[in-house]
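Structure record follows, encoded as structure tokens.
Chain nomenclature is as follows: A, B and C, assigned in order of appearance, with residue numbering initiated at 1 for each chain independently.
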Amino acid sequence: MTDWEIVLQEWPRLASGFGNTLLLFGISAVGAFLLGALMVGPLRSRSKIVRIALRSYVDGMRMLPFLIFVYLLYYGLPTFGVKLDAWTAGLLGLTIYHCAYVAEILRGAWDQLPVGQTESAQAHGYHGLRLVRRIVLPQLVLNTAPVLGNQLIYILKDTSFLMIITVQDLTYAASSIQSMYFVPLEPFLIAIALYWAISLLIEGFVAIVQGIAKERGLART
Amino acid sequence: MPAPEEVPVLQVDDISKSFDGVEVVRNVSLQIHSGETISILGPSGSGKSTLLRCINWLEKPDRGDVYLAGKRVGRKEDGQLMSDRELASVRTQMGMVFQSFNLWPHFTVLQNVIEAPVHVLGMSKDDAVVRAEQLLEKVGLEAKRDAYPYSLSGGQKQRVAIARALAMEPTVMLFDEPTSSLDPELVGEVLSVMRDLAAEGMTMLVVTHEMSFARDVCQEVMFMNDGQVVERSTPEKFFSNPQTDRAQRFLTRYE
Amino acid sequence: MTAGGFQMLLDGAWTTIWISLIAIVSGVPLGFVLSLIRVSRFPVLSQIVVLYVSLGRATPLITLALFLFVTLPVFGVNIDKYTAGVLALTLNTASFNTEVWRSAYLAFPQSQIEAARAMGMTRALYFRRIMLPQMWYAALPSLVNEMTLLIKASPAIAVIGVVDLTRVTNRIAAQTYEPLPPILIAGVMYILFIGVLVRLQRHLEKRAERYAT
């Protein structure tokens, strides 16, 4: 059997791994965005306690390697009686880690928003979550589309770290096939091609969003 | 008056240039002889700057030719385009002063002035420094020789830019709206340097909005509109008795 | 945490540091050279660079490290885990650095280039004397940012068996049966390293802002 035939035979394994990668990516990406968006407002809160607490959390996540955070959840929490399986630890890790980055990206953009925007909305009675959701957030997202797109790609790539705690993602699948059948090249080529394809899709999506932003005069050149 | 057989310093024949399908310069010709100062006037968008930039081939003319002291610029004898290196060599003889000064911010004033003489003309650093110091004194900025551009006023920056261009000892100086970016109080110091230059016999082609300069210093005034030369005469005739309608309208706006 | 545990942590930290350092020192100039090829638009080479950058930024470090470690021997290149780790990190960071340098090049003020051309400077000359000294200054904050990303991604080399600061916590836990302390300490150490770089980056950003024309 040629190497490619072996890999073809094992395609369910690859598909399953790819499916896991996509699932982890999809759920955590949505989660990270939702949490990050919820966090932006409080991040700029007038309450010092809230602001400092969230600030420390965001800065902490941005100075910590992803894997160490996952280790903390997977290997560290059992010390407190909380035993997470690899999947849950991975999903939580991705979401909690990356929502800090999303929050920071959106915060940076919010700081650059002309103050008049928020003030005029407040004058019309908008406040709190509703203010953020309907007035501020759409602008922030359109303004930062490329940077958010990059963050999505980072989330995708970080899913591969989870193979170290035995989550059976795409890279795990490729590695298993390689070690079982001694076919070093092909499984990885396919895995890399798949990661690449998703990245290109994400970038294409970002381009579309940017097109919308330009139409509405919101793109920052 | 120049001798009739003298080769003009600059001969510009029928230059045309379009951007995005719009013709910005249309069949413009001019001639300038040694020691002359010609100013080019006109409303914004009349193609004056583009014309100037076509002369030293910062913009490539679509049609037409430029001759510097009889030698073709931008194209070789056989009509082929000049190489980057050949074009650069010709440009050393044409000084240019820009509307936004375009000094190099990572160099001091002195370093700005000696940069091209040393690295393009191959002058020794010492000789270049001597020449630079003379020029900086001439424009009144010898005290600022070790200052960086960010600390200078607009008028000072432009005077450094003039010294920098003069350091190459060009045969002709091209000025692209040299005072248009300056606060009114600072215009005078730059015009004063330019007047001195003209009086010393430098050949100058000046795109400007400064009517006093055009009137007092130039031998010829070219008025451009919509990419074409609409009127061309001596300053006396142009300012006292403009021939064309457009020139008249332009002058009433500025006087 | 025992004294032995601390020693192991320090060893792990050292491994992370020296591997990251080599990758950074190699990746910055490599990215620079590749960006030159890219902006000069060399016929075939620049397209290869575009491909490399696209792939390099999309491929997870874990996948890349495994791929290199496992595949290169097939082509006769016998590679040990440390070299594979350094190579993976370098290739990865260089692909990002290429874009950083390229952005700095594209953002360079045209006005300064025009003055240089008007004075008879050729492209090679003004690139060397006018653009480069200012470009690397403008590129510095992004380059430092990329360094922090490299260190944060460096635990990926554990997958090919390198005992770095993250992986070593498993080893310590295997001995002491207390997984939490080494993880916490390792986390603090990472925050310290990266914190220093982040501070440096902020400082450089402020400086670049001041000198922007």
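Methods note: contacts are C-beta pairs under 8 Å (C-beta built on N, C-alpha and C of every residue); 3 or more make two chains touch, one makes a residue touch a chain.
The model shown is predicted, which means the values in this text are computed figures rather than measured ones.
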Ranking chain pairs by how many C-beta pairs touch, which one is first? A-C
Can you name the chain whose C-alpha mean lies closest to the mean of all the C-alpha atoms? C
Find the chain most remote from chain C, comparing centres computed as mean CA coordinates. B
Centroid spacing, where centroids are CA-atom means, of chain A and chain B in whole angstrom: 55
Roughly how far is chain B from chain C, going centre to centre by Cα mean, in whole Å? 47
Averaged over CA atoms, how far is the centre of chain A from the centre of chain C? Could you give it in whole Å? 21
As the complex stands, chain C meets chain B at residues 111-112, 114-123, 125, 129-130, 133-134, 211, 213
In their shared complex, at which residues does chain B touch chain C? 56, 58, 84-85, 88-92, 94-96, 98, 100, 102-106, 115-116, 119-120, 150, 161, 164-165, 168
Chain A-facing residues of chain C, complex: 54-55, 57-64, 66-67, 70-71, 73-74, 148, 151-156, 158-159, 166, 169-170, 173, 178-180, 183-184, 186-187, 190-191, 194-195, 198
Please output the residues of chain A touching chain C within their complex, sorted ascending. 60, 62-69, 71-72, 75-76, 78-79, 153, 156-161, 163-164, 170-171, 174-175, 178, 184-185, 188, 191-192, 195-196, 198-200
